[in-house]
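In the two assemblies presented below, chain A is common to both, partnered first by chain B and then by chain C.
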Partner chain A sequence: MLRKSKKINFRAGRFNINLTTCVSSVLKGIDLLYPHSKISQKEIIDFHINIKPVPGIRHYIKPQVEFVFNSIIPFHPLPIDQAFPLLEWGLNWCVSTHCHQFLIIHAAILEKNGSAIVMPGLPGSGKSTLCAALSLRGWRIFSDELTLIDTTTGLAYPNPRPVSLKNQSIDIIKSFEKNVVFSETVHDTLKGSVAHMLPNKQSTNFYYEQSSEIKSVIFPKYDREATNNEVNPISKGSTFLKLAENSFNYEVLGKEGFTTLSKVLDNAKCYEMHYDGCLEKGIELVESTL
Partner chain B sequence: MIRKLDHSEAIKQLLICPWLVSTWSEKHWESLISQCYATSLMARVNWVLKKNNLTHHIPQTLAWHFAAANKAYDAHLHDVNREIDCINKALAPIDIKPVYLKGAAYIVTEENASHGRIFSDIDIYVPKNKINACEQILLWSGWVGSNKDDYDEKYYREWMHEIPPLINIETGATLDIHHNLSPVISRIKINANILEKQIEPGKKANTYVLSPEDRLLHSAIHLLTGEEFYKSFRDLTDLDFMLREYSNKDKEFWEKLISRAREMGVGRVLYYCFRYCSRILHTPIPASSFAAIKESGPHRLLLPIMDSLFYRTLNPSHTSFKDNLYGVSCFCLFLRSHWLKMPLKILIPHLLKKALITLENDKEAKDETTPLSNNQ
Partner chain C sequence: MQHWTKGDVNICVYECEPEMVVYDSYLKKTHLLPSPYLDFYSRLVKCIKENSSPLTTDEIFELEGCNTTESKEKTVNLLKSLSDIGLITSLK
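Then we have the complex of A and B:
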């Protein structure tokens, strides 16, 4: 599980990462899910990260790993088999706590032909599953977790990284489309079983400075018992409040956060979507909002 | 002293000779950013660059790190000001004028040490005879106690220089209410009455602070007898900023400071403060002031030991500054801080009790699932 400590520079979404680790599952995960993302030693690094085993006697009984960001350890250590998910969560943390050049909303965001849709949602709403499915039907993934909105223009910017899927969603997506690359499923994490999916090529080949206008904001509501699959318009006022509440840094940005969200909602239509888990229907409903 | 071409000490170079950035490569800037994250100094470094008109040297791809940190700082400043208004409003009816300490004091005096400094708790000083009334009215005005158990309660009430922290329910901010600058049972005993004689108004309306000498000494006591090492470089830059600013404003500052330190019985702390500020951050301390405080320094055999401990812990807590003895040095200073804080007959049972509580908490933590992070 451990090898000699290695330093690699790679591009995770729009940020350059310098990672030091000796955990082989992390190195394997990067080879698998960040192909063609290696960058040269000369490139300027945004975030220096270390995934390292927690030292001590415990290391010989129940080894754990911790995420270190420039000497800071923001989370509790996790069992060593969760090292790759820990890296992914850590990378999300790097973005959501530092990147105040954007208003950051906890939502999936996808793009096609210059139009973006934002799907906020509580755990269980089906947003990640729907996001993965849309990406397998030609949509570009900007992000499955963190919607980044430029505070000066109100436009969304891409930060494509592996899509995190949980529990049943993993098998649902695996049967929805064959030949999709997944990391090994890790069980018993705080979020249940977790696996990461390689985003499609057009997402990661995308030019990172290409922004996109948000055309619709959709709150998906997965309900297995739902009798109608439907998408209904909702008010901009309630959408505004929900987006602010789902934002990581609305309070940091203050007035700027308010004006940014206003810019987004001046142009975007807002919907609530009920669906019974049928992904083909879900995709159809999402596309009907454009 | 300053290795011009070595980017591993970027943050120190920047604080000592900011104009050197014009010679920097992109790798210097990358190291600077990494060291700023490690020391929570991004917003402060941004302020130094701005003040010296050097922001145009920042490579464009890295500029966002500074701009973003500055936004977080502005939000912090706004929050602290609002919190101070809440505290003043709550205490006004019983005519208590809280004296703001440390981070909050830098903000209400608008001094350089406030720039880019983000802190988590607000500290105030209230005379001991008014502390019960102060606590009571805050509890009626939306604050709640945060004490965990009877032992914590006893620890604060009997031994410490502050009461158990209060939390403002509406904003979540923590408020530490002090009646002295060092623990009641500490080896460093400060007569609170002498502090009160030099209280002065802050620049922000209806706020009060200690005199500049006392503010400096308080921060020095906190840093050089304390046990929080990951922020020590930031706190050392506070001392550096304060010494430079106060001595510029008041020609008699150095004499006042030294005589005040003697009066309080903290000459040793001031000696260390002078020594490490000048050695690590090149703070311009007059030779005469250095000479005047020299007699308060430690024994000549002890000094090299203290040097080796303080150099390791006061430098930035970043891999480019840490060596294999960093952890041991922190541990030694942790023991020293407790040795200074309480007499042995209280210290030994206290450390045992703390170890036991940590073990129990570990067990509980295993039973419940601890959240990875609030945001994720």
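Then we have the complex of A and C:
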């Protein structure tokens, strides 16, 4: 589980990471889910991170690891088998608390032919499952968690990283498409069972500075009992407020956040989508909004 | 998007008929507001800012120049509507 401490520089989405760790599962996860992302020692680093074992008795009994960013430990330690998910959650935290050049919304965002769709959603809404399925049908993943919107232009920027899937969604996506690369499933996390999926090549090969206009904002609502799969327009006003609520830094940005959302909604159509979990139908409904 | 200035109250407005999204830079709040209420809301915010305290209903009547039962009822209805959409809290 532990090895000699190693320092690596790699690109996680659009950010450069310097990681120090001696936890084997973290290094294995990076090899598997961030292939070809190693960068030279000369690159400017955005975040310096350490995933390290908790010292003392926890080193021997039920070992735990902690996420350290610039000597700050923002989270409670987690069991060592959750080290890779901890890295992923920690990276999300780094971006959402520091990158205020963007309005950051808790939402999946995908792009195809220059048009982006944003899918905010509460846990259980099916957002990540639908995001993974769309990416397996030719859409580029900009992000499954953090939509980054430039505050000057209102355009979205890509930040493709592994897709986090939870509980039943893991098997649903594995049966939806064979030959998808997954990390090992980690059980008993705060979010249940968690696995990460390697994004498709067109997502990670995408030019990171190529922005995209958001054409649709869709609020998916997974309901196994739903009698109709349907997508219905909703008002821009209520969408505005929901996006503000789902943003990590709308209040930090103040008026700038307001003007950024105004720019987004000037060009986007807004929808609420009900689907019963049939992914092919879900994809069809999403594509019908463009 | 429009920037409205009512006196020294700065309000940014995003118009999306039949509603408006209003960002109030004094209260640092975002509200969804039916279009007709904007002027009334602006006057309330200006007064709150000047007093640096919440307004009572009587103070709002005074602000709006309500001296008849009819005009008071009209103002109370406006306040209730704003309360219903979460713009005003602690309405008595």
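The rule is simple: the second predicted complex is superposed on the first by the 290 of 290 C-alpha atoms of A that agree within 3 Å, B and C clash if a C-alpha of one lies under 4 Å from a C-alpha of the other, contacts with A are read in each partner's own complex, and residues count from 1 in each chain.
Definition applied: a contact is a pair of C-beta atoms (placed from the backbone, for glycine too) under 8 Å apart; a residue touches a chain by one contact, two chains touch by 3 or more.
Just so we're clear, the structure is a prediction, and the values are computed from it rather than from any experiment.
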item: Superposed partners chain B and chain C on chain A - clash or fit; value: fit
item: When both partners are placed on the shared chain, which of chain B and chain C touches more of chain A; value: B
item: Contacts of A:Pro35 with chain B and chain C, given as first, second, both or neither; value: neither
item: Which of chain B and chain C A:Glu251 touches, first, second, both or neither; value: both
item: Partner chain(s) touched by A:Gly114 [first = chain B, second = chain C, both, neither]; value: neither
item: Which of chain B and chain C A:Gly124 touches, first, second, both or neither; value: neither
item: First, second, both or neither for A:Ser96, with chain B first and chain C second; value: first
item: First (chain B), second (chain C), both or neither touched by A:Gly56; value: neither
item: Contacts of A:Pro233 with chain B and chain C, given as first, second, both or neither; value: neither
item: Chain B and chain C, minimum CA distance [Å, superposed model]; value: 6
item: Residues of chain A contacting chain B in one complex and chain C in the other; value: 251, 254
item: Touching residues on chain B, where the partner in the complex is chain A; value: 26-27, 29-30, 33-35, 37-38, 59, 61-62, 64-65, 67-69, 71-72, 74-75, 78, 230, 317-319, 322, 365, 369-373, 375-376
item: Of chain A, residues touching chain C in the complex; value: 235-238, 240-241, 244, 250-251, 254-255, 258-259, 261-263, 265-266
item: For the chain A and chain B complex, residues of the former touching the latter; value: 44-46, 48, 69-72, 74-76, 78, 89, 92-93, 96-101, 190, 248, 251-254, 256
item: Chain C - residues contacting chain A, complex; value: 1, 12, 14, 16, 19-21, 23, 25, 28, 30, 32
